[in-house]
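Order as written gives the chain letters A, B, C, D and E; numbering starts at 1 within each chain.
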Amino acid sequence: MAKLRTEHVTKSFDGRKIIEDISLELHQGELVSLLGLSGGGKTTLFNVIAGVSAPDSGRVLLDEQEITGQTGHVSYMLQKDLLLPYRTIEDNVAIPLLIRGMKKQEARERAREQFGAFGLEGTERKYPSQLSGGMRQRAALLRTYLFSSDVALLDEPFSALDTITKSAIHRWYLDMMGKLKMSTLFITHDIDEAILLSDRICLLTGAPGKITEEIVISEKRPRTRDFNLTEEFLDYKRRIIEALGQRP
Amino acid sequence: MAKLRTEHVTKSFDGRKIIEDISLELHQGELVSLLGLSGGGKTTLFNVIAGVSAPDSGRVLLDEQEITGQTGHVSYMLQKDLLLPYRTIEDNVAIPLLIRGMKKQEARERAREQFGAFGLEGTERKYPSQLSGGMRQRAALLRTYLFSSDVALLDEPFSALDTITKSAIHRWYLDMMGKLKMSTLFITHDIDEAILLSDRICLLTGAPGKITEEIVISEKRPRTRDFNLTEEFLDYKRRIIEALGQRP
Amino acid sequence: NTPDGDGGKNDGGKGTAAGDGEKITVVLDWTPNTNHTGMYVALEKGYYKEAGLEVEIMQPPEDGASALVAAGKAEFGINAQDTIAPAFAMEQPLPVTAVAALIQHNTSGIISRKGEGIDHPGGLAGKTYATWDNPVEQAMIENVVNGDGGDYGKVNLIPNNITDEAAALEMNQTDAIWVFYGWGGISAKLRGVETDFFNFVDYNKTFDYYTPVLIANNDFLAERPEAAKAFLAATARGYEDAVKDPEEAAKILCTADPSLDKELVSESQKWLADQYMADTEQWGYIDPARWNGFYQWLWENQLISVEIPENFGFSNDYLAK
Amino acid sequence: MKRKLQSITSKLTSASGILGIVIVWQFCCSMGWIPKFMLPSPADIIKALVTDFPALMQHSGITLLEAFLGLSLGVTVGVAAAVLMDRFPSVYKAFYPLLILTQTIPTVAIAPVLVIWMGYGIAPKVTAIVIVTFFPMAIGLLDGFRSADQDAVRLLSSMGAKRKQIFRYIKFPGAMGQFFASLKICASYSIVGAVIAEWLGGNSGLGVYMTRVRKSYAYDKMFAIIVLISVISLLLMKGVELLRRRCMPWETRE
Amino acid sequence: MKRKLQSITSKLTSASGILGIVIVWQFCCSMGWIPKFMLPSPADIIKALVTDFPALMQHSGITLLEAFLGLSLGVTVGVAAAVLMDRFPSVYKAFYPLLILTQTIPTVAIAPVLVIWMGYGIAPKVTAIVIVTFFPMAIGLLDGFRSADQDAVRLLSSMGAKRKQIFRYIKFPGAMGQFFASLKICASYSIVGAVIAEWLGGNSGLGVYMTRVRKSYAYDKMFAIIVLISVISLLLMKGVELLRRRCMPWETRE
């Protein structure tokens, strides 16, 4: 039984099909990456899954229950950070807790506990305009984490982070996923990152975009830095680059 | 003679020093990358160089003329795309031409000629909200390109691009730099990208941030994909990761 | 504690036990002035209270008191026979009745700069007159001008929004303007502006209509005739006192409204002392012949669209005998 | 077909608020609960509108002219004030208090003074309208200018944009929403302002006519004038809305 | 030291506009170019302010009370209207035209009708102020709500935020700038509105007193009242500004 499933999802803008017939499965505890060219329709698909945009046709199912067009079921970190300029960082990241009805003080405290893990110590009382790009991205990730649904959609969550910060956050994220038995679907342009983190990688290519290939990464986790240098890793990478480079 | 030079630049926010004593040189035709941890002060330094933010102390010189606090001398692509929501993409990217006094029609035409090279065909009349994240980033780059000063500051210009699009743009950019004898200072978190593109890589580390290491990449350009796999490349990479990972 | 125009509110201090007396509200036709003195005297000297009434005097909205009185928001109001005519000349007239004349004769007329030939109506021809754009007003001017051998067609009419007649004349804003002599005329004199003046009544007896008059709400009159009578009786006492002692009356008015020019009030009061009751013994009496005569004239000159029946719109029944 | 039905339903909803009130009002009047001098019935008002039509049209002309002149001038002055105050901090400092001051003075109070200064023609009326309209425009626009995205301003100035260009590319388009919101308010104030100004006196115009019918206790005619004023204002505001749609295409895109 | 000097210079600039006008005005009056009944001199006005102080204070009380009640109610009604119209599209459709309509009706024209309905006392005055203040508030706020960042709305709704929460976390704080801009306008309108409403009659209040002194040719006193009204409005608006700073700390940070 799939945790999350899309069935034949199609979506157009201004009469032009952006994605077509996307059927995808995400199992319990799995981390699946979505790779594809810029402008290929990855964000569009996420919007449909999160329920903030309605598909032209097709369905989205969570635990085999239809949730097409419904919001509030999955954690969603958008490509833009969308921190609210008039709230401090702690109040920004506490929003999902407040939405779930938690008291303001308690929500703030819960949020504050996590600032360390995200390398955001000291920014609790700052406003978003006072943070660096990577710090904002981490704040947005922390906000998504606090929503704590057991399915997460992450749209390029680590793109503004340096290698060091990124691998720290990777470790923390995989750890947390394991503990909380979460499933994650995520978009990245960093192929290394995708191979390092994913159970499976889906390639979204063509116009309109379709899932043209699915690559299972069998190496078990946690994958060390040395995995990067193995022939196996380079094979995956070559295969992906080739597939992405092919115009349909 | 350096094309661009900073001398002992220091900048604080709210009484906290963010960068300290940054002295940096960029020579004619050179591409220099700035690598550092997220929140380390890279964007802050760029703002000082571009003249949109005044340093606490230190100077910025272009062709040995002081330009500290002056704007309009260098092309600057900010980390946020900052496309104006009320202008179509063509009108957004044409802004630097309009600022230089070009007629509206001519500016539009000049801008349109470049849409192909940036993979933005068909988006001329769209509004920014109708573009994908990577497309917006490319539009912002195109806008920076059209400003066509011979010194460019690029703040994470390719972070939202997939590998394929990214290498196409890399090729195009190096080509153009050569033709126009441009010099570029750029910020990235992608170490591979930095090694592939740079003449030199400066590491900005510590708090407050200082230039703690400078690595010259001697391999001549254009560097093929195979360079990625050489022992030399991996050496550079290891060295950088190590330097970044060290807390001062 | 001094009584003043803002009395209602400050009355508490004067010991009018609230709920004691019957509440009566009077809406003026203008800011407090010497036409109203009798009511302020009655208020100050406690005549109303003696009559078991709790009276409050109100300044009116710009367009006057009649609608308010008709709507029952005030028991009494002040208006004039000419301006209220359209309210009577309707299929459903406003439910109000004139119950007392505050001044016996029409003391209004035309004031102008001295020596410009407007000391008689005919002199208006070729001159500028500031009009309220009121058909009755204009018909009266036409009547007296033409009757005096002038040509009304040659009077140059300009809109009137003048509050300071003397200044307007001095500044040549207009050559002539309508005033109540007892206020506007006296004011000009006191300020040393040399003027000519003529009275309408001197050129046409029909124009000796009643202005100003106290009007009352019809339902109030029907339901509480005793209160109406008590009010008019107390008011009459006030006016009688003002006739007898203008100096004291002037002082009472000035205390009621401290913004008034004391000298003007004093002079006006002295002049009006002879006018309040003039040739009648009974304060407030309305002569049916004069009342009907003026309305007849309006009807004949097509100044109203519905004829006002004889003896309609006024009553002497509530006056003290 | 379905779409057409929807659009009709939508229009009915729009009309329902006003229609509901009119029906209740007519009912109360017909039942004799409200005497005519308190509030004439909608039917009476419509009758007055029809019979009085020629007079109303004649008086509308001058009022519309005044409103148009006053609005144009008021908006121009308001925009100019906002632009200058945004451009020169010292102008802002010196004139902002003055701007606020003009608004704290009851227009109707100084209106008679205007007549004394300017006479009975169109000038004092236009001036009064300018006074009531320029303030919402200046304040609204200034607010719009000041809320410009500072990062975008920084970007453009990094390109060497002059103040004028930053104004043109960022501040002005960014404040357009505010501009039209203010223009809507000003349009409605201009008509109301013209009518009130005409109470100062004059020979024609809806305000003059209104005073006249009020003094003759013709309440049905008075309300007919009010209805006419409302209709004119509504049309003007509708016009502003259409203009806004045309000038801000990016707003309707999404 | 240098800072103090700067602050003094800055204050002088602020005052310069008004001061300049006052000086020119006084000069023209002293030279006898402007007769007193056209415009009393600043000195006369100040004298009147001083001598008339007790009366002014007494009349201010009731006017302030009316303004306060009217403003509170008007703002409440305006906010409620904006919130409801933003929340329920059908309410928007049914009431937006009505809202616009109320604004196209000259308040001063229906004010007398208000007195006829509600009698003397504070009710018709408060109602008139409510009518003039709720419109700028409702329109301004609605505009603020509607310009909320749709992407942020989408994000929060992806978290399952209810409309109420989207309102609370995005629309409301996002519209606060607009709210305070409107509140500033409303604050000034409430005082002016109270004075005009008092012309409907009554026996105390600055409007009643103003009518009285105007009709007794006391122009210096009349202008003293106007000055007092301006001062009160300015103080109110200053208060709104302070409140805005307190409520929107992120604005002053950068």
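Some notes on this structure:
The working rule: a contact is a pair of C-beta atoms (placed from the backbone, for glycine too) under 8 Å apart; a residue touches a chain by one contact, two chains touch by 3 or more.
For each chain, UniProt lists the protein as follows: A, B = ABC-type nitrate/sulfonate/bicarbonate transport system ATPase subunit.
Since the model is a prediction, treat every value here as computed from it, not as a measurement.
Graph distance from subunit A to subunit C, where chains that touch are one step apart, equals 2. Of all chains, the one whose mean C-alpha position sits at the greatest distance from that of subunit A is C.
The busiest chain interface, judged by C-beta pairs in contact, is D-E.
Work out the mean CA point of subunit C and of subunit E, and you get 37 Å between them.
A separation of 50 Å divides the Cα centre of subunit A from that of subunit E. For the pair subunit C and subunit D, the distance between C-alpha centroids works out to 39 Å. Computed from the mean C-alpha positions, the centre of subunit A lies at a distance of 27 Å from the centre of subunit B. In subunit D, the residues that touch at least two other chains are 37-38, 112, 116, 254.
Annotation for subunit A: residues 80, 130 touch two or more other chains.
Touching two or more other chains at once are residues 63, 67, 71, 163 of subunit C. Contacting chain pairs in the structure are A-B, A-E, B-D, C-D, C-E, D-E.
Listing the residues of subunit D that touch subunit E in their complex gives 10, 13-18, 21, 37-39, 90, 93-98, 100-101, 103-110, 112-113, 116-117, 135-136, 139-140, 143, 147, 150, 177-178, 181, 184-185, 188, 191-192, 195-196, 199, 210, 222, 226, 229-230, 232-234, 237, 254.
Within the complex, the subunit E residues that touch subunit C are 35, 37-38, 55, 58-59, 111-112, 115-120, 199-204, 208-209, 211-218, 221.
For subunit A in complex with subunit B, the touching residues are 13-14, 35-40, 42-43, 79-80, 119, 130-135, 137-138, 155-156, 159-166, 189-191, 229, 234, 241, 244-245. Residues 47, 50-53, 71-76, 78, 80, 82, 84-87, 95-96, 98-100, 127, 129-130, 147 of subunit B are the ones touching subunit D in the complex. The residues of subunit D lying in touch with subunit B in their complex are 149, 151-152, 154-162, 165, 169-170, 173-174, 176, 248, 250, 253-254.
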